[in-house]
C-alpha cells in the first residue's frame, strides 16, 4: 500500500517534470537554456518514472528480473544522458558561439528564420 | 472522440498507412536528390511494414510469446511479424547498397541531383 | 489508452514524414528519419510486434542513420535549393493512387478484429502447435527459424550479397589511398616525400652498382 | 589537453557490456524478443560506437576487413551446412528433427545453430559496411582518380623509405 | 496511474517533435531527437506495465543504446563534418602525448 502510494507519487512527479521540461525545451529563448531544460528532461524525468515503475514490480511473478532490468535501463540512461548532453554542449560551443554571446545566437536564429521565410 | 475510444481506431490505421505510402511514393517520383530518394524509400518501406503489422494485431491479444502458466491467453498473429522481420533485414541491405551507389555516383559526377547527372551524361 | 496511443503515434509519424519531405537540409532530414524510425518502432511495440520493434529500433534508429550520415560525410550536405515548387504530375498521381487505395481499405476488417481472415489460417496452427513441435516459447523465433527456415536462409544470403555488392562498389583493394594518407599525416605531402626518396635512391644508385641491387631489393620486398 | 575524455571513459567501459548484451540477446532469443539478427546488429553497434569515439584506424587494427569477410562467409556457411547435415542424416533440408534422438532437442540445436549463423553474418556485414563507408571518407571526394599502379608505387616507396635510408 | 505517465510522455513527445522541426540550429534538433529517444525508452517501459507484461525491457535497453550511438554519430558529423576524418585529431594526439594508451 505504502509502496503503491509512493510509486504513484513518483510517477506523477515524473509526469509533471516531463511535461514542464518539454514546454521549456519548446519555449526557452536560446540554445543553451534549452539544453539546460533538456538535461533535466533526460535525467530526472526518467529516473522518477523508472523508480516509480520499479516499486510496482512486486505484483509480478518475474518481478525480480523486471526490477533488475529497470535498474539496468536507469543506470544506462544516467550514464549516457549527461555524456550526450556534454558532447552536445561542447560541439555547440566549438561550432556555434560561446554561451555568453546570446546576441549573436539570436541574430543567427533571426537570420535562419529570415532565410526560411524567403524560401 | 469517445466513440473512437470505445470502438477502437477502425480503419484509421490503414488510412494513415496509405498517406505514408503516398508520401514515400511522391518523394521517389518528384525529388531529384538521390539521398532524399533513399529516405523516401525508407518511408515507403516502413509504411508497408506498418500495414502488415496492423493486420496482425488482435484486440486484447498480447505479443506472440507464450505466457507462462496461462493456457487461454490470446496472442497476436505471429506470421506477419516473421515476414516483416525478414523485410526489415532485406530493407537495410537495400539501403546500404543504394547508399553505396550514391557514393559512387557522387565520385563520378560530383553531384547528387538527378537532372545534373543526366545532363552530364549527355541526354538531359 | 492503447488505442489513443495508436492514433497519436500514427499522427506523429505522418507529421514527421511530411517534415522530412519538406526539409532542404539533408543532414536534418537524416536526423529526422532517425526520429521517424524511433516512432515507428514505438508503434510496432503498441501493436504487439515485439520482435519487429526490436529490429526496427536496432536497424532504423542506429545503423541506417549512421550509414546515411557516413554517406553525407562523403558527399554533400545540402540539397540544391533552387526549386521550391511542387511537381504537379507526381502529386496528381499520388492523389489518384492514394484515393484508390483508401477506397480499397473500406472493405478491410477493422483494426484488431479477431475474426479477420488473416487470423483464421496458419496462425492458429502455429500458435497451438509450435510449443509441442518446435519448443521455444517465442513463437516468432520458432516460425522464423524452423517453419520458415528457407526464408531466413534467403534473408541471410541477401545480407551477404549486399555486403558483396558494397565491397565491389566501395572496397577495392583494402588500403589507404595516397591522398588519404596525406590527410592522416597532417598535410605532409607524400608526393614530395616520394620525389625525395626517388632522388635519394638515384643518389644511391649512381655511385656503385651494388647499392642499386640493395635499394631495388628493398623496394621490391616492400 | 586530452581529447574528449568525458566521452572516452564511459564508452570504453560500455563497449564490452554492449557486446555481452548482444550475446544475451543472441542466446535468449528463444525465450523473449531477440534472435540472431538483432544480436548481430547490437554486436556491430558496439564496434561502431568504439570506432566513432576512438577512430577508424584503431578499430581496423583490432578487426581487419579481411577477417570480417571471412566471418561473414563462415556465418552463411554455418547456416547452409546445418541444412546439409540434416539432409545427410536423412531428413529434409533444414529439418532439424534429425539432429538429435529427440525431435524437440534436435529442433533446439538446429535453431541455436542457425541463429548463431545469422548473428555472425549480420554482425560481420554491418561492421564491414560501416568500415567501408567511413573508410571511404578518408579520401577526399574529388573527381580526379588515383591510378592503382601509381598508388602501389607510392605506398611501396613510403614503406620502403626506412629501408632505403637504413642502407648506407 | 500508468495512464498519467503515458499521457505525459506523449505530450512531451509532441513538444519535442515541434522543437525538432522549428529548431533554428542543428544543435536544437539534435537535442530534441536525443530527448525523444529517452522518451521512447520510457514509453516502452510504461507500456509493458500498462499491458501487464513487463518482460520486454530488453527493448528499452536497445532503444537507449541506439539513441546514444545515433547522438554520438551526429555529433561526430557536426564536429568534424565526417565520421572518420577525426582520426587525424586522434593521431596527432597520439604523437604528441606520451601517456596516450
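Brief remarks follow.
Labels for the chains are A, B, C, D and E, by order of writing; each one numbers its residues from 1.
Note that in this section contacts are C-beta pairs under 8 Å (C-beta built on N, C-alpha and C of every residue); 3 or more make two chains touch, one makes a residue touch a chain.
Please read all numbers here as calculations on a predicted model, not as lab measurements.
Between subunit C and subunit D, the least number of touching-chain steps is 1. In this assembly, the chain whose C-alpha centre lies farthest from subunit D is A. Ranked by distance of CA centroids from subunit C, the top chain is A. A count of contacting C-beta pairs for C-E and for B-E identifies C-E as the more extensively joined pair.
Here the spacing of subunit A and subunit E, counted between their Cα centres, is 10 Å.
One finds 29 Å separating the Cα centroids of subunit A and subunit B.
Taking each chain's centre as the average of its CA atoms, subunit A and subunit D sit 34 Å apart. Across the assembly, subunit D contributes 7, 31-34, 37-38, 42, 45, 48, 57, 122, 125, 129, 132-134, 136-138, 141 as residues in contact with two or more other chains. Each of residues 62-63, 65, 68, 85, 89, 93, 96, 99-100, 103, 106 in subunit B touches at least two other chains. Along subunit A, residues 80, 83, 87 each make contact with two or more other chains.
Contact residues of subunit D toward subunit A in the complex are 4, 6-7, 10, 14. Per the touch definition, subunit D reaches subunit C in the complex via residues 29-35, 37-38, 41-42, 44-45, 48, 57, 64-66, 69, 72-73, 75-76, 79-80, 83, 93-94, 96, 104, 107-108, 110-111, 114-115, 117-118, 121-122, 124-126, 128-130, 132-134, 136-142, 146, 148, 150-151, 153-161, 163-165, 167. Contact residues of subunit B toward subunit C in the complex are 4-5, 7-16, 18-27, 29-33, 35-36, 38-40, 42-43, 46, 49-50, 53-66, 68, 74-82, 84-86, 88-97, 99-104, 106, 111-113, 116.
Remark: subunit E residues 3, 6, 10, 13-14, 17, 20-21, 26, 29-30, 33, 36-37, 40, 43-44, 47, 50-51, 56, 58-59, 62-63, 65-67, 69-70, 73-74, 77, 81-85, 87-88, 91-92 touch subunit C in the complex. Residues 51-53, 56 of subunit E are the ones that touch subunit B when the two sit in their complex.
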